[in-house]
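Across the two complexes that follow, chain A remains constant while its partner is chain B and subsequently chain C.
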Partner chain A sequence: MQLFSSLVIPICLLAAQILASDYHEQLVLKPLPQSALLASFNFRSNTSLAQFENHNFRYFPRSLGQILQYAGTRELHLRFSLGRWDAASWGARPWDGTKEGGTGVELWAWLEAETDEEADHKWLTLTNALSGLFCASLNFIDGTRTIRPVMSFRPEGDHLNITMANMHLLHGVLPREVVCTENLTPFLKLLPCKGKAGISSLLDGHKLFDASWQSMAIDIRPVCPAGEECILEIQQTIDMVLDIERSKRPRGNPIPRPVPGHELKCNSSKPYHDEHTCYPIGFVAGQEWSLQQIFGKSMHGTCPLTDPNIAPVCIQAPHSRDVFTSAGVKELKDPNFPQRCYIIPENEDFQIVLPSMQHVGENAKSDTDEYLEPDTPLLYAERSFTGHGQERGGVQTILTNPSPDQEVEFVYMESLPWFMRIYLHTLQARVLSGESGHLRKDEDVVEEIYYRPFLDRQRGTQLELRMRIPPQSTVFLTYDFEKTILRYTEYPPDANRGFDVAAAVITILHADQTKSTRAFSNLRTSGLLLNLPTPDFSMPYNVIIFTSTAIALAFGGLYNILVRRFVGQDEGPEVTLMVLRRKIVAVLSKVAGKLKRANRKEKAEGKTE
Partner chain B sequence: MSTAVENGGTADLTSRKTASLINETADSSLPAAAATGPKEPPPEKPADTRRRTWVIFSFWAIVLALGLPIWWKTTSIYRAELPLSEMLDWADGKACRPAFPLRIALDASPLQEHEAQNLLRLTQHALDDLNDFSGHHLRLQLAANADPTKTAKTGSDVALTIRITPGDSIHSASSSLHPHLPILDVAYPPNSIPTQTSSSSGLATYLAAQLRSTFAEEQNVISYLLETSSIPSEHRPKGISPEVAETLSKQMTRSMKYSRTYHLTFSLFTNGPEPSSWDIESAIDEYMRPMLDMLSPIHNFTIDTQVQLYATPGVQSQVLSKEDLSSFINAAEWPLSPSIGGAPTVNFVVYIGNQTIGAVSESEAADISRSWLIPQWGSVYLLLPPSGPHVSSETLKQTVLTFTSHLLSLLGTPQSGSLPMRLSTLNRMRSADLLLRASSSLGSLARLSLALPSISIPSSVADGVAKSMQHLQMACSTLGGSDSLEHARIAEAEAERAFFEKSMVGQLYFPDEHKVAVYLPLLGPVGVPLVMGLLNELKAWRKRRRQKDGPA
Partner chain C sequence: MKLSNILQLPVLLASTLLAPAPLVSAEHTSNWAVLVGTSRFWFNYRHLANVLSMYRTVKRLGIPDSQIILMLPDDMACNPRNAFPGTVYSNADRAVDLYGDNIEVDYRGYEVTVENFIRLLTDRVGEEMPRSKRLLTDDRSNIFVYMTGHGGNEFLKFQDAEEIGAFDLADAFEQMWEKRRYHEILFMIDTCQANTMYSKLYSPNIIATGSSELDQSSYSHHADNDVGVAVIDRYTYYNLEFLETEVRDLSSKKTVGDLFDSYNYEKIHSHAGVRYDLFRGGAETARGRLLTDFFGNIQNVEVDGAKNTTVDEEMLALSKTIAQLREIADEEEAAARNASKPQSAETKQQRKVQSTKPLNNDNWWTKKLVGATALAGCSALWALGSYLETPKKTSPS
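Here is the complex of A and B:
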C-alpha cells in the first residue's frame, strides 16, 4: 500500500491547486532498477464550463473543444501506447495504471444521447474528428471494434444525475496502430506552452518513441467543486520508461556499435572466462545521467502560465542519492517521502545531473541508495495464445495475486474481434494456491460474467468477468476459440503478419470501498497477434482458370461427341500435320536424290581426268 | 471427300477398331473408289444430320437465351435516368434568363397626385432610355403608404424608396441615401416639377441618373457573373468595360463561397508568453454584433475565440514586405483548423508581436498598414504588445472594426451605397451567383454522364438533380425577391451533392486487362468449339442446299 499512499498524497496536494491555477505542469523522474528511468509528464489545464459553452478558449485547446461540443462528449479518454511495462522488474505502474492504454490507440468516452443509435452516430463523428486531429487511424474504430463496457469503467468527472441518465459509454481499441511522431506533434500543439517553454520543451519524438515503454494520455472530464462553478479539465500525460544507455547514444551517431574488446565488462566468475572469451554483464555500474543526455536537450525555463510556487520538476529517489542541478534552482526535500522537487527560475535553462555512485571502496553505496525499491503491484497479469492448427485456438491468462494476506477483486475485460469465435462453455478458471501448491478447478473465482456474443462482421465479442483471487494464488483463466476464414477483401495488407488482438483491461476494485468510487487502478495485458488461415492472394485468378479449364474439358468432350461424325482413318480428310509431314519427307528425298546424283557425277568426272 | 470434311472435321478421334470395320464395309461397297483415291465415308443418314443441327441449335439457344441475359444482368451498371437535355439547357442558360425586376417606390407626398404620376412616367422613360441591360431593370411605382419608413420596413419587395421633398436650392436638386433604411432622399428645386404636357423634365432626368448610379455596381456585378458563367455569348448581356471587369474579378476571388452559416474564429497569437487573455467577447458584442445582426437575414454566424502563446509567424523579418504577407500565417504550427460542422470558417487573427508592415507607398495611412485581408480565408491584424498580460476591449476596438469591414468584403458585399442597400444588393448577387453555379454543376454532371458510359449513377443522384432543378425553377421565377436566395441555395447544395456522389467514382476504372483475364479462360476453350461447330454446320447446310438446287 506504500505505492498507493505515495501516489495519493501528491495527487491530493495537487487537487487543492487545481482550482487556483488555470494551468499546471509537472515532470516526475523516477530511476528504476537497472538502467531504466521513468519520466512522467503531466499537464493540466481547465476552463469554466460557461466559457466553454460560449466557445471562448484560453488554455483549453479550441480544436479539441469544438470536437467535444459537436459530438456531445461529456468525458473523454484517449490513449496512445507503445511497448510493454515490465512489472516484474519495474513494479507498480505510474498513476496506478489509470493513465495508460493497451498497445496502439484506445479511446473511451461518455456521450450524451437519447438513444443508442444517436450515441453510435455521435461516436462515429467523434472518432472521425479525432482521427483528423491526431493523425491516427481512429476512424477505423467501427462497430466491430466498439463495445459498451458494463463493469469496467466508471466516469471520473462530476456529472449531474440528470445527464448521467443519458450518458452512453463507448469504448474502442485499435491494437494495430503504430504510435509515432505524427501523434506527438498534435499532442504538443494542444498545450498552452506548445513545447517551447517549460517541461514540454524536453519532449522529442526521437527519444519518446525510442523508449522501452511509453503512453500518451488525454483525459477530459468535468469537475464540480462544492459551491463553485463547474470546470472542464483536460489532463495530458506522457509516461515513458527510458533505457538510459540507449538514450545516451549521441544523436548524430545513433547506430549501436559493438563495444571494443578492452572496454567490454565481463563476468569473470564464469569458468570459461579468459582474455578471449567473455560473458558480458549487462548492467554493473550505477546509473549516471543528466537531463541533457537522456532527452537530447535541456529545459528552457518554465512555462510562465503555471503557478510559480509549484515545482515543475521532481525526482523520486532516496535522499542519499547525489543529485546536482544548475545554479539558482531551489530544492525542496519532502521529509516524509523520498522525493525532491525543484523550483526553477523563469527564463533560465535547467539542468539536472545524477553522477555515478561508487559501489566499491570506502563510501560504497548500495542499490538502495540509488533508487527506490519498486512497489509490488496488486496483480500480475500475462496473456498468451494456446491451441493448435489453423482452426483451433485458445487463450490463457495467468493472473497472480502476490499479496501475502489480501485478496484482490477486479474486473477482467476483453474486447475480441468477431473472427475469434469464442466458446464460452470452455471458459475455465483454475486456481493454484500458494500454500496448497496444487491446481484445482474453482468456480468461485469468477463471481460475475457479462458476455455479449459477436455477430459476424457487425460487432465483436465483449467479455467482462468480475473475479476475486485469494492471497498468494495464481489463476489460470482459459477459453477456446475457433479461427474464421475471412473473405478475400477482408484481409489487411500484409495479412501473413497476423491480426492484432487488443489488450485485456483489468480494473482492480479496491477492497476499501469507503473511499470514493473513483479509486480504481488499472492493468493491461499485452496485445496478442492472431494468425488466421491466410489464403494465397492470387487465388481469384487461379480459381477462375481452374474452374474454366474443368468446364472447358467437360464441355469440349461432350460437345465434340455430340456434334462430330466418326469415320475410318482413310476415309476422313487428311490431317494437317500428316500433310505437312508428307511434304517435308518429299522435299528431303528430293534433296537427297540431288546430292546423290551430284556425287556420282563428281566421281565420273574424276575418273575421266 | 468434301462432305467428310464438313461433317467430321478433323478425324483425329478415329479409333482403329471402328476404322477397320468401316474399311471393310467400304471396301466391299466401293471397290472402285478405293482403287482411285482416298475413300469416301458412307453417306450420312438424314436423321443424324438433323440431330446434329438440333444439338448445335440448342447449345446456341442456351447460350443466347440463358447465358447472355445472366451475364448482362450481373455485369451491368445501374444508371438512373437523368434529364440530360434539361440539365444542359440550364447550363446553357436556355432554361432561365436571369432577370431582376427591381421595384422602386416613389414617395412624392408633397406633390399632387397627377403631378406625381407625371413625374413617375417621365422618370421611367428616362430610366428606360438609359438602361441597356434587359436582365436588370428598374420599375417605378408610387408609394402606397404615406409613411416611407414604414414601407421600407414592411414591404420587402420594394428595393428602394425615393422620397422627394422641396429643397432650398433653386437651381439644382440634391440627393442623399438614408444611412439605415433603403431610402433615397431627394430635394428638388421648387420650379422643377414637370407639367402635364412636358415631355422631359430636369428632375426626372436627375432622378433617373441617380438611380442608375446607385444600382450601377449591382448591374456590373450581375453582368460580370453572367459573362464569366458558361452561358454562351448570345444569351449574355452587353459586356462591361475591362477595367470594371478586373476590379470585379478581384472582388469575386476575394469573397468566400456562399453559405448560410459561417464560423467566425478569432485567434490571439502572441510571440511570447504574454498577453494570455483578452476581452474579445465584449469587444465583439460592442463593435461587431450590430453588423452581424444586420446580416442575419442572409447569413448566420457562430463565434469562437482562442488564445495561442509562443506562436512563431511564417516570416521572421521585422518589417514585412508585401510578399511576406502571404506567408505570414504559419499554417503548419498554428492551430487554425477549420471548425467542424460543414460551414466555412472565417479566421480573424490578431498577432501580438513587434513586427510592422512596410508601407508600400508613402500615401498609405498608418492604420491600414496594420492589417491585411487574405482572400477567402480571413484577415490578420498586427497589434502592438500591450503593457500587461491582458488585452482590454478598448485596445481591440480598432481591430474589431477592421475585422468587420474585412468580413463584409469577404462576404462579397458591394463597396458603394448605404449599408441596407449593400445588403439587399448582396442578396440579389448571391442568388444570381448560386443560380449560375447550380446550373453549371448540373451541366457538368450531364456532360460527365454522357462522356463516361461506364460510370454508375445511383438513384440518389437522380433525386438530387430533380430537387435541384425544381428549386432552380422556383429561384428563377422569384429572382430579385426574398425567397430566391433560399431556393438558389438549396438548388446549389443539391447539385453539388449529386455531382460529388461518392459511389459514382468507385467503379470508374475497371481495366480491360482484368476483363480479359477473367473472361478468356472460359470463353476461349468453350467459345471456339461452339463457334466452329456453328460455322461448319452453316457451311454444310449451304452445301446441302446447293446440291438440292443443282440436280433440280
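Here is the complex of A and C:
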C-alpha cells in the first residue's frame, strides 16, 4: 500500500501538469531485502480523444491506435509476466498489483459492440492484430480461453454511460506463453523515444529476462478530467526485481564459479568459524551497485520529449543510506517520505552508485538503513494441486489475512481450461482462525458465487467467488476436479511437460472506497502445471506394426493351408529316405532270398546224394 | 465480398496482360525471406541457432523485418536451461548474440506447424491474420526459403509431432507459382537426407540446395560446453562462413555458383546437393545469379521504356470495363444490403452468449417444489405403468 501511494502521490501532486503535457517517464528504484532491487519503469503518453479519432496520434503509438480503432476497443490491458513475486520477503506488490499479470500473457479489454457475437468478432480481430504487433501467440486466445468476468474487473477509465451500455469485457490468458526479447522489442517501439534515449535506454532483454520477477504492462484508457477535454492515455510499465549479485555478473561469463577461498566472506560469529571452516555471508551483506552494473549500460541524458518537471529517476531508500550520483544532477529529497528524485541535465551521462553497507565494525549499519521495511500485503495467496493419479485431482488455495484487526473482502477468479472438469459441489472453504487455532467449515466466508461451467472443446470454466476473511485467519479453499483424456491430435508436441493452468486473479475490494473504480488492488497466484494422462505417442505405429505382424502370421498360415494339396502317403511321390530304405530292404531281402535258395538246393542235393 | 473480388480483377487482368514482361526482364523488385526452424526442445538448440544466424545475415544485407518471416518453434533465448539469458549463440566463441536487442518472431511455439507453413506460402489465411504474419509477395519478389530440423527420406519433421513431405512442399511452391507469388526462389535446407526434400519440386525458377544426400546424415559443427549443446550445423556453418567473408555488403558480386562451389565433403561431412534444372536458362543462368539477389534487399526500380500506344489503349479500355464492373458490383451490393437489412435486425436478437450466473439460494422453496413435483410425477408415471401392466400378466393365468 505504502509503495503504491509512494509511486502515485508525487504523480498526483503534479497531476495538472501531467494532463497538460503529453508524455512523461519515470524510473523508481527500490532496494529490497536479500540483495534484491525493484525497478519500476513508467511511461505515460496522452492524446486528446478528438485528435485520436482524427488519426492524429502525436505521442500515442500509431500502430496500436489503429488496431484499437479498427477493433472498437475502448479500454485495453495487456500483460507479459515472468517469475513469481516473493511476497514473504518483498512485501506488497508495486502499483498494488494492478500492473501485473499472471505468468505468461494476459489480455482484457472493453470492446464496444451491440451484440455478443459482434464482440466476439472484434475480440478475434483484436487478438490477432495484437499477436502480429507483439510477436506473441495471442491468436491462441480463442473461445476456450476467453471469459467474461462479472465481478473481478471494472473499467479504469471514464466512460460515458451510453457507451458503457454497449461495452463488453472479455478476458483471455495464455499461461504457457513465453515472454522474451521479441516481446520487448515492439514494446519499446511504442515509446516516443523508442528505447534510444532516457530511462528506456536502460531496458535490455538480457537483464530484463534474467530478473527474478518481471511484468510488462500496457494500459490504455480514456480519462475525462472534470471540465476538460477527454484524453486517451497509454501507460506502459515494466516492473522487475533484479538479483543484484546475479545482474552484476559479466554478460560474457554469467555462469557462477566457486569463489576462491581467500575471497570468501565468512560469518565470524559462528562458533565453528576458523581458518578451515567458513559460513559464507552471501547476500546478507549489502552489496555495492551502480546503475551501469545493474542494467549493463549507463543512461545518457533524458528523452527530450518528456515533461521536464518530472524527475526521471527516483530512489526509495532510507535517507541515511549514501547515494552518489554523477555531477550536475539535482537531487530532490522528500522530507516526509524516504524518497530521493534526480533531475538530469540533458545530454549528460547519468550514473548512480550505492556503496556497500558495513554491517560489522565501526559505524555499523543495520538493515533499516539499507532498505525500507517491506509493507505487509493485505493478503497472501498460494495455490497448489492436491491428490494423485491420472484420473482425479484437487486444487487448494490458501488465503491468509495477516492484518490483526481488519477483515479483507475480495473476489477470487479462476479461468480453468475445459479439460479440467471441476466438481463445484466439492467447493469448500475452511477457516483457520488465529485465536482459536482450529479449522472449521464456514459458510459465511464465501458470499457470492458466479459460475459458468465448461463445455467440451468450446469454453472453459469460469468461477468467481466473493469472499471475506476475518482478521488473522487463513482460509483453505478446496475443490476437486476430473482430468479429461484428450483426443490424439489435441495433445501439443510436448504433452508430457503438462498443461499450464492460468493464475487465479484476486481483486481486493476496499471497504471504504467501494464506489471508486480505481480503488482495487490485485494479486495473482502462481500458475499450475496440470499433468493429464498422456498416451504413448508411438502407440499408433506400434499398433500398426503389431497388427501387420499378426496379419502376416495369420495370413501365412491360412494361405499355406488353402494352397497346399493334401494327399495320402501312398498316393504321393516317395520321399528319398524311404526310397533308400526300401531299396536297402529290397537288396537285403534279395540277398537273403538267394541264400535261402542256395541252402535249399544244397539240402535237396544232399538228400538226393 | 463480391466487391473485393471485383477489385482484385484489375490486378489479375493486368498481370495476365503483362505476363510475358517479367520473363523478358529478369528483374525483381522486392526481397523476402522465409526462415523456418522445425525442432522443439532444448537439445535442438543448434537448429534455432541455424535459423537465427540466417536471420542475422539477411537482416545484415538489408531485408527489413517486415519482409522476413521467422518461425521459431521453441524458446531458446529465455529458456530456463540457458545460462546466457536472452541470447542465442551459433559459435562457441560467443562473439555475436543472435537474439540481440531487436528481433521480431512472426510464428513461434505451437504456431509453427505444417499447416501454418503451407498457409503462409500459399497465402490461404483468414481475414483476421495480421499483415506481419503474411508473405505478401508478388510476381517480382525473390524469396529465400531456409528450413532446418530433423528429417528423413522425403520428409521433414515439425516439432517432433508431424511432418511435411517433399510432395507437399512441391505442391505449395507450384501453387505459389500459379498465384504469381514469386519471381525466383532460392530454397536451402539443412537436415538429414535434405536433398530428397527438393527432389520433387516441379515449379519453374527455383534454385534448390540441400546439405546431404539420401541415406546421409547432416552433422553438427561444434558444441559450446557452457551452453551445453551443439550450437550449429556444419552445412549452415560453412554457408555462413562464405556469406560473412565473401558477401560483406550489397556491392558483392559473388554469385550463387560461387557459394555452391565452396561446398565440399571434407568440410560438410556430407554431400551437399544443388538443383538447377527448374531454373529458366538452366545451370548457367542460375549459377550467374548474385547472392545478394536472394540474401540482400535490392530494390530495382522499373522505368517505363518506349511508349506503346496499343498497350495504352488496351489498358484504357480495360480500366473502363473495370469501372463499369465496379459500378455494377456496387449496385448489387447495395441491393443485397437493402434486402438483408430487415433480416439482420431479426437475427441480432437470436444469439446471445450465455453469461455467467450467480449461484444463490434465492428461490430455494420454488426449486425444491419443482424438484419434488418432478419426482412425484415420475413415480406416478411408474406406478401407472406398473398398474396397467399387471392385469395383462395376471389374466392369462
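By our rule, the second predicted complex is superposed on the first by the 510 of 609 C-alpha atoms of A that agree within 3 Å, B and C clash if a C-alpha of one lies under 4 Å from a C-alpha of the other, contacts with A are read in each partner's own complex, and residues count from 1 in each chain.
Here is the rule we use: a contact is a pair of C-beta atoms (placed from the backbone, for glycine too) under 8 Å apart; a residue touches a chain by one contact, two chains touch by 3 or more.
Everything numeric here is computed off the predicted structure, so don't read it as measured data.
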Check: In the superposed arrangement, which partner chain does A:R148 touch: chain B (first), chain C (second), both, or neither?
Finding: second
Next item on the list: Check the residue A:T549 against both partner chains and state whether it touches chain B (first), chain C (second), both, or neither.
Entry: first
Check: Touching A:E177, do we find chain B (first), chain C (second), both, or neither?
Finding: second
Next item on the list: Check the residue A:I449 against both partner chains and state whether it touches chain B (first), chain C (second), both, or neither.
Entry: second
Margin query: Output check: A:L133 vs chain B and chain C. Expected answer is one of first, second, both, neither. What do you get?
Written below: both
Margin query: Under the stated touch criterion, which partner chain does A:G568 make contact with: chain B (first), chain C (second), both, or neither?
Written below: first
Next item on the list: Kindly classify A:H319 by the partners it touches after superposition: chain B alone (first), chain C alone (second), both, or neither?
Entry: neither
Next item on the list: Would you sort A:R600 into first (chain B), second (chain C), both or neither based on which partner it touches?
Entry: neither
Next item on the list: Using the superposition described at the top, list the residues of chain A that contact chain B and also contact chain C.
Entry: 129, 132-133
Checklist line | Residue ranges of chain A in contact with chain B within the complex | finding: 54-59, 61-63, 66-67, 70, 129, 132-133, 189, 192-194, 196-197, 303-305, 541, 544-545, 548-549, 551-553, 555-556, 559-560, 562-576
Next item on the list: Within their complex, state which residues of chain C touch chain A.
Entry: 40-41, 73, 75, 77-78, 83-87, 94, 97, 99-106, 108-111, 126, 128-133, 159-161, 226, 348, 351-360
Note to self: Give the list of chain B residues in touch with chain A in this complex.
What the structure shows: 1, 4-5, 7-16, 18-20, 22-23, 26, 38-41, 44, 48, 52, 55-56, 59, 265, 273-274, 276-277, 280-281, 302-311, 333, 335, 337, 339-341, 517-518, 521-522, 524-526, 529-530, 533
Next item on the list: Under the touch definition given earlier, write down the residues of chain A that touch chain C in their complex.
Entry: 82, 114-117, 120, 124-125, 128-129, 131-133, 135-137, 139-140, 147-150, 176-182, 185-186, 204-210, 251-252, 254-255, 424, 448-452, 462, 464, 492-494, 537
